[in-house]
Amino acid sequence: MSYKLKQLAELLDLTVQGDENVVINSVASVESAQQGDICFVSNAKYMHALRETNASAVIIKQDMLENTHVAALVVDNPRATYARIVDLLYPQQLPVAGIHPTASIHASAKVSDSASIGANVVVDANAEIADEAVIEAGCVIGRNSQIGKSTHLYPNVTVYYGCSIGEQCILHSSSVVGSDGFGFEFDKTEWLKISQVGGVRIGNKVEIGACSVVDRGALNDTVIEEGVKLDNHVQIAHNVHVGAHTVMSRGVGVAGSTKIGKNCIIGGMAGIRDNIEITDNVMITAMTIVSKSLKKPGSYSSTTPIDETKSWRKNSVRFRQLDSMAKRIRQLEKQINNKG
Amino acid sequence: MSYKLKQLAELLDLTVQGDENVVINSVASVESAQQGDICFVSNAKYMHALRETNASAVIIKQDMLENTHVAALVVDNPRATYARIVDLLYPQQLPVAGIHPTASIHASAKVSDSASIGANVVVDANAEIADEAVIEAGCVIGRNSQIGKSTHLYPNVTVYYGCSIGEQCILHSSSVVGSDGFGFEFDKTEWLKISQVGGVRIGNKVEIGACSVVDRGALNDTVIEEGVKLDNHVQIAHNVHVGAHTVMSRGVGVAGSTKIGKNCIIGGMAGIRDNIEITDNVMITAMTIVSKSLKKPGSYSSTTPIDETKSWRKNSVRFRQLDSMAKRIRQLEKQINNKG
Amino acid sequence: MSYKLKQLAELLDLTVQGDENVVINSVASVESAQQGDICFVSNAKYMHALRETNASAVIIKQDMLENTHVAALVVDNPRATYARIVDLLYPQQLPVAGIHPTASIHASAKVSDSASIGANVVVDANAEIADEAVIEAGCVIGRNSQIGKSTHLYPNVTVYYGCSIGEQCILHSSSVVGSDGFGFEFDKTEWLKISQVGGVRIGNKVEIGACSVVDRGALNDTVIEEGVKLDNHVQIAHNVHVGAHTVMSRGVGVAGSTKIGKNCIIGGMAGIRDNIEITDNVMITAMTIVSKSLKKPGSYSSTTPIDETKSWRKNSVRFRQLDSMAKRIRQLEKQINNKG
């Protein structure tokens, strides 16, 4: 796609500084941009690059304007405007509406005429697919499950029975919604399965990454509120509640019945134990183990620093002496003070 | 479903205390239960809730009986009885027997008449699907593989060739059985693949979570004994042997040729190295790295505690000074003792 | 398959020591080998087993030759020769060329006559499947994507649009190539999605494990160079660049825009942060967190040692006192020195 800068400004209700007739047909980074590109700068460390850019236009804050010679869109959040311009320049190619002849749609299922159902999709009894939803090839939607308006399932997603997914959600390939929570009771000689009879409720504008899993609840539902973004390989266990607009990076695991607040940011491969509560606005750094409730907003961590293996080995063995070291320091302090 | 309490007692061979004619149609927690609900209490901390419950009946141990005014099933393991009652009140809706017209069944495959084969399922040459097995939509069963009686594969499970899965197993969506073990040899300039010609043998009553993977053996089989329960995102590498009734929580990784005993409980996201042996009855806490054999039953751990990032940063940098700190303590002790 | 030892030697251009007419029909370990088996020994610790082996032949280095009484292939890298002999004795059974009648191939897609397209495979517009590629059941290949010569996709793999995969690659089941990178910008009240308009480029001879994910780039492509081997559950985020012949064990996560060198070996469940650079020939031990660039080849680690939970608990709580302990040691040293 190709726009004059003034057209982009009109579409996004922005004002232009400089030549509003430059033609924009792609985005690029400030360093690599060439004629026809628009780039964004939101950080003073790119000021030098900004002065030298070959871009046809830039997206910047007011206070950076004096550093550029090219046409500019002046905004409060350059990266957000950039995101919207990407969508204009690279419009998504959505599959056409209609049901592929190889799809298997149960007679009792309700599929909107404006939805797109790909090859080999299976929609089971009483399931509902709303307007403009896109269900790509190989997806399976269980009985009594609902897929909201404009929600997009990439190929080979599985949604079990009795789950509801909101509007404008995105589920990536191989992700699974509604698999059994991990509940067993040891009974004499073996583990007895505790059937998981709850469901999953997912709000609007939720994104779920490839190979991520949201288990169904044991009795009540597992709940993911609106605007939550989950990266790939994330696990949401049974009866977890994830507050609105919380983000989890790749590989995070949240164990059963834990409640996570709104607007949290959970770093990659962090593990969050069961039956705890994390308040709103908590940040967890990558690979941290969250072993207790966090009642105060803020940032939390638990890892140890990377080192050359040779040095690490020497230090790491001392970890098992920490309690003894602490006691020996206490003892030394006593001895010194007695003498002093 | 709806039962009188005495019917539940008869079906499970239990005795009733109190009104055996109360009608039960659902389960709930002791706090939230209302008329028609049955709940269970196995822990004295719920004694107060038990006294105030609105449930129509409770499942309790003998020694809790004096604390309730409602009808009761008196049992040794309330949670196990609860699990069985869930199954009675919420019977699973299994697909009907028969082969969906869109399934592709090889002429040499043997599929029981009582098995249920979903849409787009592929069963390759000489594969066998036993009685009452349920293979849901999009599953692929490789040649010479066997699926045991009453085993249930949820949609989009892949079983490679030459793998055998026992009876009454459950495999969740996107899980994979029989993918190649990770075996390579660096040969001059590149990694040479070592073909993995073993298979996978899985015992009865095994559950495998969504997006979990069990690799095939290099030469001999990878083995999972009966009653093992694997949560989501678990990895069992080539030639691992998992003993009966061992449980692994979400995200555990077991590396090649490691042998794990019976009745172990492995916490979420623990990593277990290759070529070691873990004896029976070992418990590993979440996110622990198991870097050596564990020959003694018991509980093992390796993580560091979560803290506010600001404090954590101060302590964490000291990790690289641990060896030096230990030596300085030793030096101080010498100095003090020399003086003393 | 069955070969005389001299036939194997001819096929691999090797020389035989001893009886070149022994018949070999399988491989086994040096300890378990019986008549008809060939085994390999590359390590002096198996010398005793080598002397007592019942194998019909062994693959060994020159300097081990005096320790065996059986026929031998004498080579520089016994394990590499072993790998080649496995391929001869256990030839892979590849599906026949041709397109399964249930596959959905877009009219504009180009599929080689020598490729094998399994049941329910979907190949979208303008996609290309090269000679001798094998696309097993349930795979989905997006529009404008390319699958190279002799590349093998096991069942239920998803390749999004605009991705290219080289020759002789192997992708295991439930793996995903081309899912959206995890890019969002918080805009007033919610996360705005930054559309990911780059693609994925994968070189020749790359292997990608089951349930692994390679995200597409934000603007430019995510790149995996030739000969890279990724185990199961690995994550390659948007705009990561993985150098040739680098190996990642199970569960490794590489965050966005990080550049990893050639010939690196990354241990299982290691986490590598975003926007850093790791040079060639770096080894990372399992479960290490790589939180900064590594500019020097060598081995790096960050974990803490496993211990019995009871002892671990005592030591672990001291981690939060490390900074205080270090300061107290410093204080003690001052006091001692002042006195001394």
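Quick notes
Order of writing sets the labels: A, B and C. Residues in every chain begin at 1.
Methods note: a residue touches a chain if its C-beta (ideal position, glycine included) is under 8 Å from a C-beta of that chain, and two chains touch if they have at least 3 such contacts.
Remember, predicted model here, so these are calculated numbers, not experimental data.
Shared contact partners of chain A and chain C, listed by label: B. Two copies of one chain, chain B and chain C, touch each other, and the residues they use overlap weakly: the shared fraction of interface numbers falls below half. Averaged Cα coordinates give chain B a centre that lies 26 Å from the centre of chain C.
For chain A, residues that reach two or more other chains under the stated contact definition are 102, 120, 138, 156, 174, 211, 233, 251, 269, 303-305, 307, 316-317, 319, 321-322, 325, 329, 332, 336, 339.
Those residues of chain C whose C-beta lies close enough to touch chain B in the complex are 27-29, 77, 79-80, 82-84, 86-87, 90, 92-93, 100, 102, 118-120, 136-138, 154-156, 170, 172-174, 205, 207, 209-211, 227, 229, 231-233, 245, 247, 249-251, 268-269, 286-287, 303-310, 312-313, 316-317, 319-323, 325-326, 329, 332-333, 336, 339-340.
Here chain C touches chain A in the complex through residues 102, 104, 120, 122, 138, 140, 142-143, 156, 158, 160-161, 174-176, 179-180, 182, 184-185, 187, 189-195, 197, 211-213, 215, 219, 233, 235, 237, 251, 253, 255, 269, 271, 273, 283, 285, 288-292, 298-305, 307, 311, 314-319, 321-322, 325, 328-329, 332, 335-336, 339, going by the rule given at the top.
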